[in-house]
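One structure, as structure tokens, below. Some questions next.
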Amino acid sequence: MTNQLRVAVVGASGYTGGELLRLLSLHPQVTIGQVVASSKSEGLSVSSLLPNLTNIIDFQLSPLNIPALAKDVDLIFLSLPHTQSLHPVAEFLSHKKLVIDLSADYRLQDPQVYEQWYQTTHPYPDLLQQAAYGLPELHRSAIAKSQLVAVPGCYPTVAILQLAPFVAQRLIEPGSIIIDSKSGVSGAGRSPALGFHFPEAHEAIHAYKIGTHRHLPEIEQGLNSVAPTSGTDVSDPISLMFTPHLLPINRGILSTAYAKLQSNIDPSELENIYQHFYQDEPFIRVFPKAEAVNPRNLRGANFCDLSYTYTARTNHVISSGAIDNLVKGAAGQAIQCMNLMVGFPETLGLTSPGLFP
Amino acid sequence: MTNQLRVAVVGASGYTGGELLRLLSLHPQVTIGQVVASSKSEGLSVSSLLPNLTNIIDFQLSPLNIPALAKDVDLIFLSLPHTQSLHPVAEFLSHKKLVIDLSADYRLQDPQVYEQWYQTTHPYPDLLQQAAYGLPELHRSAIAKSQLVAVPGCYPTVAILQLAPFVAQRLIEPGSIIIDSKSGVSGAGRSPALGFHFPEAHEAIHAYKIGTHRHLPEIEQGLNSVAPTSGTDVSDPISLMFTPHLLPINRGILSTAYAKLQSNIDPSELENIYQHFYQDEPFIRVFPKAEAVNPRNLRGANFCDLSYTYTARTNHVISSGAIDNLVKGAAGQAIQCMNLMVGFPETLGLTSPGLFP
Amino acid sequence: MTNQLRVAVVGASGYTGGELLRLLSLHPQVTIGQVVASSKSEGLSVSSLLPNLTNIIDFQLSPLNIPALAKDVDLIFLSLPHTQSLHPVAEFLSHKKLVIDLSADYRLQDPQVYEQWYQTTHPYPDLLQQAAYGLPELHRSAIAKSQLVAVPGCYPTVAILQLAPFVAQRLIEPGSIIIDSKSGVSGAGRSPALGFHFPEAHEAIHAYKIGTHRHLPEIEQGLNSVAPTSGTDVSDPISLMFTPHLLPINRGILSTAYAKLQSNIDPSELENIYQHFYQDEPFIRVFPKAEAVNPRNLRGANFCDLSYTYTARTNHVISSGAIDNLVKGAAGQAIQCMNLMVGFPETLGLTSPGLFP
Amino acid sequence: MTNQLRVAVVGASGYTGGELLRLLSLHPQVTIGQVVASSKSEGLSVSSLLPNLTNIIDFQLSPLNIPALAKDVDLIFLSLPHTQSLHPVAEFLSHKKLVIDLSADYRLQDPQVYEQWYQTTHPYPDLLQQAAYGLPELHRSAIAKSQLVAVPGCYPTVAILQLAPFVAQRLIEPGSIIIDSKSGVSGAGRSPALGFHFPEAHEAIHAYKIGTHRHLPEIEQGLNSVAPTSGTDVSDPISLMFTPHLLPINRGILSTAYAKLQSNIDPSELENIYQHFYQDEPFIRVFPKAEAVNPRNLRGANFCDLSYTYTARTNHVISSGAIDNLVKGAAGQAIQCMNLMVGFPETLGLTSPGLFP
């Protein structure tokens, strides 16, 4: 095939890497050149790790050889644990390749914030400045122009999208935001551990890392980046609460976000503002009722489903947001960024509806 | 056996009625006299509705004949849909029987609030005044003295218990409370409906009835009832946000509650206050970390597990609370009230640990 | 678009109808002309019934008007409860339309068997003879030539496919077959009932309709149709045991089939025979180990995954087979038949891998 | 308390050990003297491993010191991985203690069979002869007299119980038995591994170890031990097929067993024989329909629920059997044996109904 984009996926043994391969296999303009997994998987077939891909993607896993890989492909997806992307990203960029990094390593623009939350000094603070934050609905043009895109975390994707209309229009008090999120277990990755052992995680739910989850500064950065920054509209910086919960489902996040309306806002205007904000977005669906926002409608799909409710009782808005954490929260969003970076239609290969039930 | 308390359970075809029977079968001082189900179940055996009770409780279901029942037993548990308890409660009381009502019909002390949320005029406003609110940890002596106890709803049980220490000591701003609760499907009852059809509710989560759930005024009433009411300490009435979510588990509620600390409170004192508040309570377990609060540790048990986290970032407390909605949130709490009403040890028959896993 | 096949889906409120729409939306050569649901859904949007299709298929549900529909489209999928397809099929055929029926109404070739198992006389016994049984791997040419295809039931699809190589080569004793199948709840349809109420079906499994399930005669017919019928190889008719079980998963069937090897068969030849039988089939994947056959690898995919084990202990073969009951067991198979009927490549629009996890 | 039996539980970090502690805490005549976990858990509290036991069993985990332990208690439960019980059992016996071993180490009476299936020579073949097989319904008097009881595996418990009436009366052909069993994940133990990682095991089912599972010889031994052994009734030894499946539930086994009726048996007599066989057994419940046999009715209970169906089509019986694998399949059965060994009523402490839902 001509005009096919040649890509590689580095880190294919996890759920995000597997989802990238699944989605790339559906993309009409992409050829998968190489699939790289951890050294212990070398020589295995893709389908030995990802049985759903049997007869779909049948080649062998390659070792990570950056110069060879850079010769073979046009664009590299990196789906590695945080801190492990730091150097490969830099190296691929030095080979003038497009890079889409799904780890947290290039998401936080401020190297000090990175150091504070990841306990390691960022070796490439200049690259942090070049990286676009891969949330197309809010940073489309930056992504299209960038050679390096850092795909947002799963929790930040939905939290930022659900609150952006309120923040961008300065409708809510910047210190009043509370985000109570619930994630399926695939969000925790594919490494077995007692907390994710079936009998421990099934019929169970708990909060974890309250106030200390690494997605917290990413959400704050994401919301601050859409807040008005000039004129008389300058807001105080956003400082929020974020409580993640582990949910006994495979895929999906439901995020419930609370914020106090500014006293000068007329709640009857909210609907127009919210609908208008996303009216041309192909992957955002705004529903009138929270009951309709449910990750079960999104399995395998790249949509972000949103809703909000206004309560006069306490003058708050309460937003429900849902995504498939592996698609719009990771691999699908990465491909949406890829489409922008290389000039494909933004939705190409991403229009499959979710599986229901 | 002598000194056995003779009880009846009215409304045994639902999950709460079934759980009452299960727990009563474990109680050493109780004899089940009659079991009443809906008219369509008349003549069936208990175990045809509740297969787990086969060979445990083997008698037939009776029709509801209040005078006959009142002659036969000392105490009646009513586990009926709301509004259906209104008249039976009054009638049993007129027969001088002890009554424990598990519906919402006698929980709200203000008949106008009842009318507002249940769209029906309460026919016995005077009885509302006599009814004790069946949360023993906060209303022990009233329950012990009362002839009628209204057992709290499942959401209010955990929400009130998790916030009571803060409210009673006036540590938090009364208008700042947000309660984000997640409940298993048994909380919705046993009547089949599309939303609870397995393929719709499995691998799913959604918010529902935001700001309109009938447990909201009950939580407010419960928290206002523990707030200081005299001296310079009088608080503003509590007005809160409550967002219930439907969770793909059978049993259990996890409630995450947020509140802003009063500016004059030293957060270092919270631990002492919280631990001290519940230190003698047999059914409250306070854990240092939110991760430990999980309904999976509570299946079948009458405990309420609690935790809180303080975050200096926004000067809030975030509390995690969990119960088994059918036990501490309904049938177990009802038996705890029964023990108090008749002078049994409060924990009698209720000390089984939860099933794990 | 030119050369698009115009189709209608009648019966879109159930899971099979919904899955047809999902898969048809991915098919490059199909245009959905009309979607018909039950009369009570008339005027609603497709997405009000099938929220995953929001922004994907946005038109209104039509009433069932057969002449109008026949004018509008080339091919009709009927996804109705059994007995309700009887007349519409005949009517659509009289309009010279291609018809793919997903009900049981045209699967059993013998009208007496139909009457025995469905308690109703078949009004169109002649059409039964014209209908092709829509299992392409075994009846490809008949499907390609037929105007009416009866898509197999979900259990029969996997049971017939897993045993066909043994039966076709007369390797097993025809009276020794036992099929122990386990199905997810979507196989029971979308009508709420107590047995499928989440708390009843979750954390549960049970056998049902042992020896009386209507898929039993269909499996026997399907296997008998591949058995040798001439020469010295004529087998006794197959008479088997079939035990379905309800499983707490949304989608998927796992079928474990047992059969005794004929005494003259050398088990070392089984592997060649089994692999060879399906070697060119695009939707059959044969795995060396039963552990690899798992419906979780097939969510949304049109594959049938198979394996078998030989045990010398009792000279039996034990086969594991898995499908997604809504795809290869219903909607996907229907589209595979459609592709054959109209001359599209058989795999067109059906090559998506399963979702994992 | 006087007359309390003092017991120890060795191996408390797994699910079986935890369930022993839960059930022992409900037993009115038992005092738990020591709880021993693996060396890495030493010094931890019981509830740090088993959070459901918080405030129920609050002491520290002890190291394994056999002489000290033997001084402290009357009876020891060993809940260790197979081969790890071999020496401790012998040592405790040498201290004249009663021993109940929940591992596989003393279940197989023939040391050669043990060696064949566990790949290790049994160091105490003489003790194998002394050990009673802890299935009270079939070996009650041997258990009562023995100093060492080997508690059956979870699969064998239900498979032997469901087939014993047929085998004991020589109703079925000994070579025709097929057992298709489905087990929840707790049966696999508490050690995290990829196959039991929540996203891999949820929404999934697969067969495993077909014909090679170590419970196979145990089931054969158990059934052969009830077969008639003298007169004209001597049967051929039982040789069967056993296919275990992993099921996405926490607790419970459903076992579906197939066997061909002897040609001289009148199927109309089956009901009497089956019901009669278990009519006085407190923990066996026989149901008329397979639909009623479901592990969801048995969570936490010591019952074994049974049913059978006769099919004239192939002259087979098909039996459904269910247990809670951790209770009747392990810890509950162990306590039932304990009651017999020390002369307590057999059902003491074991009469709790299952949790439903």
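To keep things simple, chains are lettered A, B, C and D as they appear, and every chain counts its residues starting from 1.
Just so we're on the same page, a contact is a pair of C-beta atoms (placed from the backbone, for glycine too) under 8 Å apart; a residue touches a chain by one contact, two chains touch by 3 or more.
The structure presented is a predicted model; accordingly, all values stated were derived computationally and were not measured.
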*Computing the C-alpha centre of each chain, which chain sits at the greatest distance from subunit D?*
A
*State the pair with the higher C-beta contact count; candidates are A-C and C-D.*
C-D
*Whole-Å separation of chain centres (CA-atom averages), subunit A against subunit D*: 47
_For subunit C versus subunit D, what separation do you get between their C-alpha means, in angstrom?_
39
_Cα-centroid distance, subunit A relative to subunit C, in whole angstrom_ = 37
*Would you pick out the residues of subunit A that each touch at least 2 other chains?*
15, 186, 199, 202-203, 248-251, 292, 294, 299, 357
*If you look only at subunit C, which of its residues touch subunit B in the complex?*
15, 184-186, 190-194, 196-199, 201-203, 248-251
*Give every residue of subunit D touching subunit C within the complex, in rising order.*
175, 178, 180, 182, 199-200, 202-208, 210-211, 239-241, 243, 245, 247-252, 254, 256, 258, 290-296, 299, 309, 311, 313-314, 316, 318, 320, 357
*Could you pull out which subunit D residues touch subunit B in their complex?*
15, 18, 22, 25-26, 50-56, 186, 203, 250-251, 282, 285, 287, 292, 294, 297-301, 303, 305, 351-357
